[in-house]
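Lettered A, B, C, D, E and F in written order, each chain numbered from 1.
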Amino acid sequence: MQEPDLITEGLNLLILGMGFVFVFLTLLVVATTLMSKSINHFFPEAEEPAPAKAGKAAALPTEQNSEVIAAISAAIHLHRHRNKN
Amino acid sequence: MDKVLLLWEGSGLYNLTLPQFIMIAICLVLLYLAIAKKFEPLLLLPIGFGGILANIPEAGLALSALDQAISVLNPETARLFAQELGITLQSAAEEENRLAIKAAVKGLEDPVIYKNLKAIAAAQGYTDGMLYTFYKVTIASGAAPLIIFMGVGAMTDFGPLLANPRTLFLGAAAQFGIFATVLGAVGLSALGVVDFNINQAAAIGIIGGADGPTAIYVSSILAPELLGAIAVAAYSYMALVPLIQPPIMRALTSKEERSIQMSQLRPVSKKEKIIFPIAVLGLVVLFLPSAAPLLGMFCLGNLMRESGVVERLSDTAQNALINTVTIFLGLSVGSKLVADLFLTVETLGILSLGIVAFGIGTACGVLMAKLMNRFSKMPINPLIGSAGVSAVPMAARVSNKVGLESNPQNFLLMHAMGPNVAGVIGSAVAAGIMIMYLG
Amino acid sequence: MDKVLLLWEGSGLYNLTLPQFIMIAICLVLLYLAIAKKFEPLLLLPIGFGGILANIPEAGLALSALDQAISVLNPETARLFAQELGITLQSAAEEENRLAIKAAVKGLEDPVIYKNLKAIAAAQGYTDGMLYTFYKVTIASGAAPLIIFMGVGAMTDFGPLLANPRTLFLGAAAQFGIFATVLGAVGLSALGVVDFNINQAAAIGIIGGADGPTAIYVSSILAPELLGAIAVAAYSYMALVPLIQPPIMRALTSKEERSIQMSQLRPVSKKEKIIFPIAVLGLVVLFLPSAAPLLGMFCLGNLMRESGVVERLSDTAQNALINTVTIFLGLSVGSKLVADLFLTVETLGILSLGIVAFGIGTACGVLMAKLMNRFSKMPINPLIGSAGVSAVPMAARVSNKVGLESNPQNFLLMHAMGPNVAGVIGSAVAAGIMIMYLG
Amino acid sequence: MQEPDLITEGLNLLILGMGFVFVFLTLLVVATTLMSKSINHFFPEAEEPAPAKAGKAAALPTEQNSEVIAAISAAIHLHRHRNKN
Amino acid sequence: MDKVLLLWEGSGLYNLTLPQFIMIAICLVLLYLAIAKKFEPLLLLPIGFGGILANIPEAGLALSALDQAISVLNPETARLFAQELGITLQSAAEEENRLAIKAAVKGLEDPVIYKNLKAIAAAQGYTDGMLYTFYKVTIASGAAPLIIFMGVGAMTDFGPLLANPRTLFLGAAAQFGIFATVLGAVGLSALGVVDFNINQAAAIGIIGGADGPTAIYVSSILAPELLGAIAVAAYSYMALVPLIQPPIMRALTSKEERSIQMSQLRPVSKKEKIIFPIAVLGLVVLFLPSAAPLLGMFCLGNLMRESGVVERLSDTAQNALINTVTIFLGLSVGSKLVADLFLTVETLGILSLGIVAFGIGTACGVLMAKLMNRFSKMPINPLIGSAGVSAVPMAARVSNKVGLESNPQNFLLMHAMGPNVAGVIGSAVAAGIMIMYLG
Amino acid sequence: MQEPDLITEGLNLLILGMGFVFVFLTLLVVATTLMSKSINHFFPEAEEPAPAKAGKAAALPTEQNSEVIAAISAAIHLHRHRNKN
């Protein structure tokens, strides 16, 4: 008796599971599409993505960059100094 | 001289059993694959190493204090255990007493007595093995896979998916591999080949999700005894995606289909990227509460990334935190590679079913793409369907590579990233359904 | 079909209550403020997200295993619980049995029986919710606010304070907001508007300390049931400092006072900076042991910073460690935003009292500065008094900004950093007194 | 009967708390002033702070700096080389 | 006014005992050594700070909830404890009752009653002290020293050892310091000077291993009550290596021996470096399972480093993770510097024996090198023998420095790194033997 | 009676411990030597170590280097530009 039950359970899980996965992701497609459309309609921002990205990249390493720039300045100073001699 | 004997009798060489030896050899193979072949080394290296540690004879690194007390039962502890269990030890032979107590503990139903036995073991000086402790803290608590999933969320860019949301269907179709494998597992059980119950079958199926943390999370809830084999299978097959997928992809598509060029993805605004993880969470709230831990942490990680206001948290989630957790998660998974859990016919079943799951998932993703192509104006190259199994970002790279073979100008990588991350969501949803239905 | 029904009956949409819906909306507002308005995003983003997770119906993420077992009591667990509790379940209706057991557990006094119930729940397969686990590890243990305070110590420069130690008096005066609010809270209770006991009143008062970790630490000890509202109030008002403080500062000062230029701060030697945290610790040892955890960890962080010999530890305390703890602290605070704890008239009382606390603290700081100006040779701009409430470094920036309005050459930032960090010490001292007196 | 008690407790806490906060911070003012004076008297170190700060900044990124310097040298080398042509 | 009295009676000044005062002074000396003299500051700074916190009167930071409940026993808790313990409290005086209960708890054998007492204390509102919590999580669990050892493994380059494997013998010889010290400790006990049992003697001996995490790990298992003194001794003497070793090295060698130039080390291939940690693990599996936690984690760290495929994990193990654990390990060790554990004649014994252990280890390393020189074709400078005690990398630097004194062209640093890291393996092996024999 | 036992135990531990440490490390010497010899025999890789090391060093900071190089390019550009004036 146990085997048929097990297979039934497996089939149930298959149908229920795939059904729900599709329902859920379909809802997500709908939600995402609506969301994107309304955002692009109400807040049309042609140029935003690019600066946003750049902003992110620049956020953390500022301190580092200043060090780097200091090092470079020093190196260039040295380089000019040596060139003179 | 007695002491030298003691040392010898306590040594690994004296106590090493054949199954332990085999397991150590298997773990060395895992290390080899991780290091020399770069098979998902971030996980397989600690898993393989943990597996060796777990199989060191007499070290008991993967045992709890109670298990250790029972495995090397001294007369005093035996007396105290027997008293707590309410059994009488008649036998003069210690080994017989040990087996009697072991059986009594195994059959024990009263959790209060169980707690008391643990207290007695601790008072007698037994301690949890190192790997057991790691397992308890990282996996049994459920925390580690969720924290890793948060880090993965913080590393994921949903831009390609948002530019083409229909690719979510590909991520849905590829989950068929999961459920078909469940059916395969219960079928094997029905045939009497192996003996899986429905929870174990579900945990095996999730290998087809091609997503490590999800597989570990689900099997830690539904079938912790199979966790070692399932995690090893999941990560190994994820590493093997470049070998498994291309033949299936080629068999199901014509050269023309593989050469289809897709239109360039539109730019996606920052606002869309911020709202997307909240939208996913909203659907979880409304329809699938049991997926809340997995998808919640994933969306939190992604929101930290995209919001741009908590760079420090996002950075830590992607680096120090996920790396730390990965080390201990790997060792903990390794603790489930002890010989008596792994060297069973069930493991062979898991390994076979796992690769079938990958194959079916791949095929369904490709077929779904072909189906969508019939009904859609915008052309979809069916090769990106295979990326729906997840295995981020390997599967997307495979789509790109197979695509380039047919048409050297056809760069599918970004297009394949959509179904690729959709597959992550898809298998987390599938995981939620299984946990709800069976957990 | 039954199964589809099960899925529907387990869905959030079916189970969502109005209070849960309202809480989720409130949490979305918190996320909006954190992301779009940059309101203390490091804390409010994870708090808001955790709040949403905590209110997902049926997910029980903020419940312990025992609470979950009681909330979805099955007959077998009910039988075991009733047996352990020593009550008899007469009713045929499951729901009545559940309520009987719930009431019995609530009225339970014997901690041993309580422990046994927890063991039974665990044995029946119930597990602690994810957020409950995070709360237990981070806040109930007391560890997370202390670790964050260590990181804050490692980020704090006491130079400006050491250059002008009298600014400590400003940090003292601003704590009047704390104690006045306690009086307000007990007053409201006496009037019958709300019902706070003295411990709850003290925990609410600490909002006026304008210091997040201190507020969370104190309320986790004195009134954990109010922790969610208190933390949200504390962080929100800290973000609102640029709106709350300027009107009060302008009302209490004349234009001449606001234009006072302060003499430049003397340089402070490394030795002074090293000895200062040890001196603070010494005073704690001698006079206020109950403040030892908070001020101890704060001083440890600062000593790691200033000693210059443990850069690696200081660096980790300021980055990976504090970031990791912040994520989980935020989620854990969010776990206290469940509807039945938050949607009460008490929360409105807390929010109102909290803003009063900020206002009184600001006013007292400014007035104290004016008072000191009468007796001191060195001029003090009263605008730096408001920085004594803490809210580092926002309040100091506000002092600077309001100062520049009156005199464009008057840079008060460094002078305001003295009372600003003094306010952190002041509220930790106040916290210590409350814990000692009431804990 | 309970209300007056509660208010008394609140008043007690107010007086005791503010009193103690002032006592504690006054002691800290005294201790800090004495400490600073004695340090500056016994170890007069006019120039220490500056190098201390520099030392701290330089402590960790040494390894990084060497990389940076290597990169700079390479860049400058390239730059000189190109200038020649 | 009563309340002011309460504040005064709760203050540290009122309650400070002489032993606590002495301990705080000792900890200030540790901080001074750490900061001003750079004595192993990464550990001694948090240890010293933790020691101050542990000795704050009335704060009870190093006590468990149960210990706190007993130390400030209120009548209600006393009644509940007496009931659970099955004793009757006849006395009217509370202090007598307290002592009666304290004695009963100390003599308690039943772990179940002990667990129940803990539950009662928690229910009465007592909580574990901060340092006690840190100790429980980091050291009592065994995790922290092992995680640090993993980080040390990830920082260790076995290249010099692999280029000249015979230097392993130097690392073996230097462990004589460990076992000679054990003999010294039992000898002192036999003479009646102090009273160490064999476990304590072994834990003291491990100071001679000159390896912090190993010393902490071993003493947490064999003699947790001595952990504070042992850790302080180990780290202090490691910092003093440049003072302790050179006189011994000079006394045992002639100027000619010190001037011996060693041939340059051969380059070591990446493959050798990858296989070495696996080979060490293999020997552990076969011969010394009890060393598996220590050497296992060490080898894992080294494998992560050398494999080159898990850079992110290796990087985290060497930075964020080891730093975080070091902070809490230090504080936890400090929690064992409470006056009644540390201010004993045993501590003087430990400190004396510890330095003897370092001396003997150094001498044996040097003598072994001289012995090897007799039988070997390739010349070995005996100065590198002293590096066999570990104290990485200080001891190797000392070898180099003393070598340069005799021969300014003689750079021994790389040659001394071989025995230096061999000493780490050697003392972990010695630790494993002790744990096996006595644990 | 206890003292002699304790000393015996200490002696036992000394002999056993030092004995085993030497046995273990001797085995390790043998294993290591054999391992190195067989590796260098079967996989003679004269030049591997160096690139291996370089590979490791280069693994992580790639992203950083690109930043550094961008910074340098900018600095050099600036430098040339200024030199012109």
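In this section, a residue touches a chain if its C-beta (ideal position, glycine included) is under 8 Å from a C-beta of that chain, and two chains touch if they have at least 3 such contacts.
Remember, predicted model here, so these are calculated numbers, not experimental data.
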item: Smallest number of contact steps required from chain D to reach chain E; value: 1
item: Most distant chain from chain D by Cα centroid; value: B
item: Greatest separation from chain E - chain, by CA centre; value: A
item: Where chain A and chain C are represented by their mean Cα positions, the distance between them in whole Å; value: 31
item: Averaged-CA centre spacing for the pair chain D and chain C, given as whole angstrom; value: 24
item: Centroid spacing, where centroids are CA-atom means, of chain C and chain E in whole angstrom; value: 37
item: Chain A, residues touching no fewer than two other chains; value: 16, 20, 68, 72, 76
item: Multi-chain contact residues (two or more partners), chain B; value: 3, 7, 115, 287-288, 312, 315, 319-320, 433, 437
item: Contacting residues of chain D [partner chain C, same complex]; value: 3-4, 6-7, 9-11, 13-14, 16-18, 20-29, 31-33, 35-36, 39-40, 43, 45, 48-49, 52, 55-56, 59-60
item: Complex contacts: residues of chain E adjacent to chain D; value: 3-4, 7
item: Chain E-facing residues of chain B, complex; value: 3, 6-7, 10-13, 15-16, 24, 28, 31, 34-35, 38, 41-42, 45-46, 49, 52-53, 56-59, 61, 84, 115-116, 119-120, 122-123, 127-128, 130, 133-134, 319-320, 323-324, 326-327, 331
item: Residue ranges of chain E in contact with chain F within the complex; value: 161-162, 165-166, 168-169, 171-172, 175-176, 178-180, 182-183, 185-187, 189-190, 197-198, 201-202, 267-272, 275-276, 279-280, 282-283, 287-288, 308, 311-312, 315, 422, 425-426, 429-430, 433-434, 437-438
item: Chain B residues touching chain C - in the complex, by the definition given at the top; value: 111-112, 114-115, 141-143, 146, 150, 274, 278, 281, 284-290, 292-293, 296-297, 299-300, 303-304, 307, 309-310, 312-313, 315-317, 319-321, 433, 436-437
